[in-house]
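Once you scroll down, you'll see the structures, which are given as structure tokens.
Each of the two complexes below includes chain A, the first together with chain B, the second together with chain C.
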Partner chain A sequence: MKKLERLVLCIVLLSTLSAGASGLVSVSKGRLEAIWLSPMSVKIKNQTKTTRSFIQVKDFKLMAKAVTVKQFKEFLEKNSDWRKDKVSGLFTDANYLHGFENARDNSPVTNVSWFAARAYCKSQGLRLPTLNEWEYAAAASETLRDANKNELFLKRILEWYGEPQTEQIKEVGSIYKNLYGAYDMHGLIWEWVEDFNTTFVTGESREDSSFNKDMFCGAGSLASNDKENYAAFMRFAFRSSLKGKSSIWNLGFRCAQ
Partner chain B sequence: MKKNIYLALLIIILTQLSQAASLTDIKSKWLTVDNKEQSVSSTVGQSYTLIAMVYTGCAHACPMTISKIQRILKDFEAQGFKNVNVILASFDVKNDRPAKLKKYQLERKLDVNKWNFLSAASDDDARELSVALGISYKDLGDGDFSHSNAITLLGPRAEILASIDNLNASSDKLIEALKAHTAKAKVQ
Partner chain C sequence: MADQSSEVAVLTAPPHVPPPITRSKSVKLIVNLEVIEKKMKISDGVDYTFWTFGGTVPGSFIRIREGDDVEFHLKNHPSSKMPHNIDLHAVTGQGGGAAASFTSPGHESVFSFKAINPGLYVYHCATAPVGMHIANGMYGLILVEPKKGLSKVDREYYVMQGDFYTKGKFGVQGYQPFDMSKAIDEKPTYVVFNGSTNSLTGDNAIKAKVGETVRLFVGNGGPNLVSSFHVIGEIFDKVYREGAMEYNTNIQTTLIPAGGSAIVEYKVEVPSNLVLVDHSIFRTFNKGSLGIMKVEGPENKEIFTGKTADNIYLPEGGAIQKVNDKEKITTAASVEDQLKLGKTVFTNSCAACHQPDGKGIAGAFPPLANADYFNADAKRAIDIVKNGKSGKITVNGAPYNGVMPALGLSDEDIANVLTYVSNNWGNKKRTFTKTEVSAVPVAKENSGGEH
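What follows is the complex of A and B.
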């Protein structure tokens, strides 16, 4: 009888361990001031008032750490369609998995396209986080749910953005752990989101991203009004420069549920 | 030794051919206006196709997208390319269901043998196609979308040949791609 109890306990322990191994942390629902969106104009009793924009996010789960080289190797073993020599030219560019063979197991996988990142998450029964989910989770510091206006937090992010670019990427989990238990939301790599192509940035030289009635239907969505949050603006500008097949040395991903 | 080099070159060429960007790699199923399930690439006939993404609730740019495509088709015809089909895939997954698209097609008097409206099964599928075509769009939540306007020319195997990314662009780029592709097809 004792033996059976022990066995049951053992199984229970193992199952909790494996839940931990899938590495998801819970992010509770809420709203976040979208400092990257321009204030909305609202007409109340013939008076136009500008209000701040917020995003609403439902409960979701996010991988505590970015997907590693080792995890992606395991994925490639089972999904040979995504190997460099077999993958579709619609889904990747020439840089796909560049340097992958020599990368450390515990480093985040980079040089992965949006399509590849998405396929990885699907293979795990997961998905890519939406842009709002990612920004919501990334706004948290070690102690605050919304640190987007916290000077120290912002300073740290900007320092990372300003760091000289070296090709040696640190290991996952090595930067910081935020309030939700998610590591390295800033400071390690840039990360793919499901709807990265919702971002329109004004004033870019790229032909297809300037605001023009011939090119866009509906109102504009982004005008970085808040100069304070240059950091968020940088992320949005970066995303708007991406294509689905882009593979970049410091762009990786994590999955959500 | 030399043989090996040629072999290596051949392999490189072959892999590049197999990696040509074709929409056949997008496996998602879409619905036609008659509720028939099919992939985007199977909607591409034996001929050339122009593909764009739209939403029919749009008051401004989408009718313009259609006019622009009609204009391109005329330019194509002037160059002797008559059998070019059109696919209009909607990213308004919630509202643009097959019946609504059918009504829209009839209202706009768009030939059902040439114009193919497609309705996505999920936001996931619409997002995938938009990214593959390099189109940006965002649901503004009030029935409107902000989106970029790209029109892409596909070959008979649903391969991406060329695209224009704004409605003011001339048809020249597409016509050149069309000519280049037919010239190549003749050589083969």
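What follows is the complex of A and C.
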């Protein structure tokens, strides 16, 4: 009887995976091994043991696809404060919306600052995903919830990281759809997260091991978890190079709820 | 600083070096360096995505003067996927400028430093994962010239070694991504000068003329290996060890640490092809750390004669017999004899590179076994054994770009060894005669000194 219930639950879950009218997909709660965090030391009965680190996330919803140029144009029509000619230099840099006029409607909007991304999500009654939410959803491949140690999955990510962005950015939905129904979590663009600057990779990455070990720790992490985490490591290095007003050609966003 | 004039530094791509600094005063010097991620050839038919300072591996050579106030502009090209920064070993200050220059794609960072210590220094990227950024080619040299300048030389060149880690083995064709496991294990696929197996060979060889004094600014980017830098056919008159401003004299091989440098100087006395190598020698012949300096000019027999005699040494018989070119030592009376004698020649002169089974070594030494290139043209085969061969060839579909020297074999030996090769390993069973071999002319540059 229990088995049957579970099966029914599974079918119900699966049926919710296609994006609704709002373009949101559901990501069910769970925990994910945080291969980018250094292992924790835990004392159990006077014995110190090293355990792997995990992150926990609650149920949340995420846009199936990154916000497109077309969607952002509509946003600018109603929110002229965010137009290039009107926006404050406090919230954007000189790259803001560079090339926007010539971008294809169905391409992800890029060269947007964190402030602008937040404003967009807010206008939709949404928010940016947290770093943990984003990593949790992005860890999923087409078939696995946690593909972070899957060689083929990693290879695909690293190929994108390793290649300079010399061509026009592809359209949203063109890379792959993961188990939650979210498209292009890797391989299309970098994406903003709400707390992008809470990790401690400084420009002086070799010094990072002296930071609070409970937080992200650069050199220590690389030493502890070797080759499998360096894709994540590169992602964190990228995020830590950002400022709230940074606008980058291959950095866009999607919203969460 | 207000009374200083300002200048923009001239940067050069390897193997070139900016001209010596002639001014006698310190200036405010502006250095503009751009980070570009780009696909380039690491070897023939092998592509790799390099991360570069200035579009080349190693990065642009930076030449400044002791006492200069340097305003450094690091620009990360908008097409970059990664943030980058720079740690200059010439900088006194936090991280060598690493944190101050941490730059996301499409942005520029500016910081300033005073050049306090003269010397030749490495610079490199120090963004996480540091090893990967270095392994992808993010290093170069910065020379802080002492106030009194360096001694005058005729030519200066820029050579920098690096080790590379690709998924495919050495020479495997097509695009090859970075392999983190090999990098952690410190087992490089390629060890090369100036970012490619042929950056300093063939048409890219660096040049000098007899009588000139040459200065090489040599760096080692690593990330892992230490270089035993040596130039075959020369002795370094001076070595400024580890890029310091004091020198030692008469050095054969100098050790260059990863993240370190050396300045070597020598006067070229005779014409030859000097071979730049890492004398950890398997890297040179199997992983690519080989460069050529072509020295042209008149012979000087007092210093080097070339081969003047070819004698037979027979310790058991106790006799040393002078060989006249026209005399025959051993004459094959039959094809069987030719095969027997040819096998000995092959074992002594050919097998080291082409391997005892004739299969060669992929990417380095072309196969002779069942080889289309060998079978296609008998006259060409004779010519290669007689006169040597360098440059690009394709054998059984795979490209090779090496140097085979003229081996100085007699025409008889050449006929025998070619007959041996032709009648083994699936080749097309042709017999070569001495007459045929003699008909192929000796190339002028190989005719030796005594004629």
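Going forward, the second predicted complex is superposed on the first by the 212 of 257 C-alpha atoms of A that agree within 3 Å, B and C clash if a C-alpha of one lies under 4 Å from a C-alpha of the other, contacts with A are read in each partner's own complex, and residues count from 1 in each chain.
To be clear about the criterion, a contact is a pair of C-beta atoms (placed from the backbone, for glycine too) under 8 Å apart; a residue touches a chain by one contact, two chains touch by 3 or more.
Because the structure is predicted, anything quoted here is derived from the model rather than measured.
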Which superposed partner A:N95 touches (first chain B, second chain C, both, neither): second
Touching partner for A:I248 - first (chain B), second (chain C), both, neither: second
Which superposed partner A:L152 touches (first chain B, second chain C, both, neither): neither
Touching partner for A:Y230 - first (chain B), second (chain C), both, neither: second
Partner chain(s) touched by A:F238 [first = chain B, second = chain C, both, neither]: second
Chain B versus chain C as contact partner of A:P164, first or second or both or neither: second
Overlap of the chain B and chain C footprints on chain A, listed as residue numbers: 207-208, 218-219, 240
Residues of chain A defined as touching chain B within the complex: 85, 87-91, 114-115, 118, 127, 194-195, 197-200, 207-209, 212-221, 240, 243-245
Residue numbers on chain C that touch chain A, as the complex places them: 36-39, 49, 77-83, 85, 94-95, 98-107, 126-130, 132, 177-178, 180-181, 184
Chain A-touching residues of chain B, taken from the complex the two chains share: 15-16, 19-23, 25-26, 58, 60-62, 64, 124, 127-128, 130-132, 134-138, 140, 144-150, 160, 165-168
Interfacial residue positions of chain A with respect to chain C in the complex: 93, 95, 155, 158-166, 190, 201-208, 218-219, 222, 226-227, 230, 233-234, 236-238, 240-242, 246-250
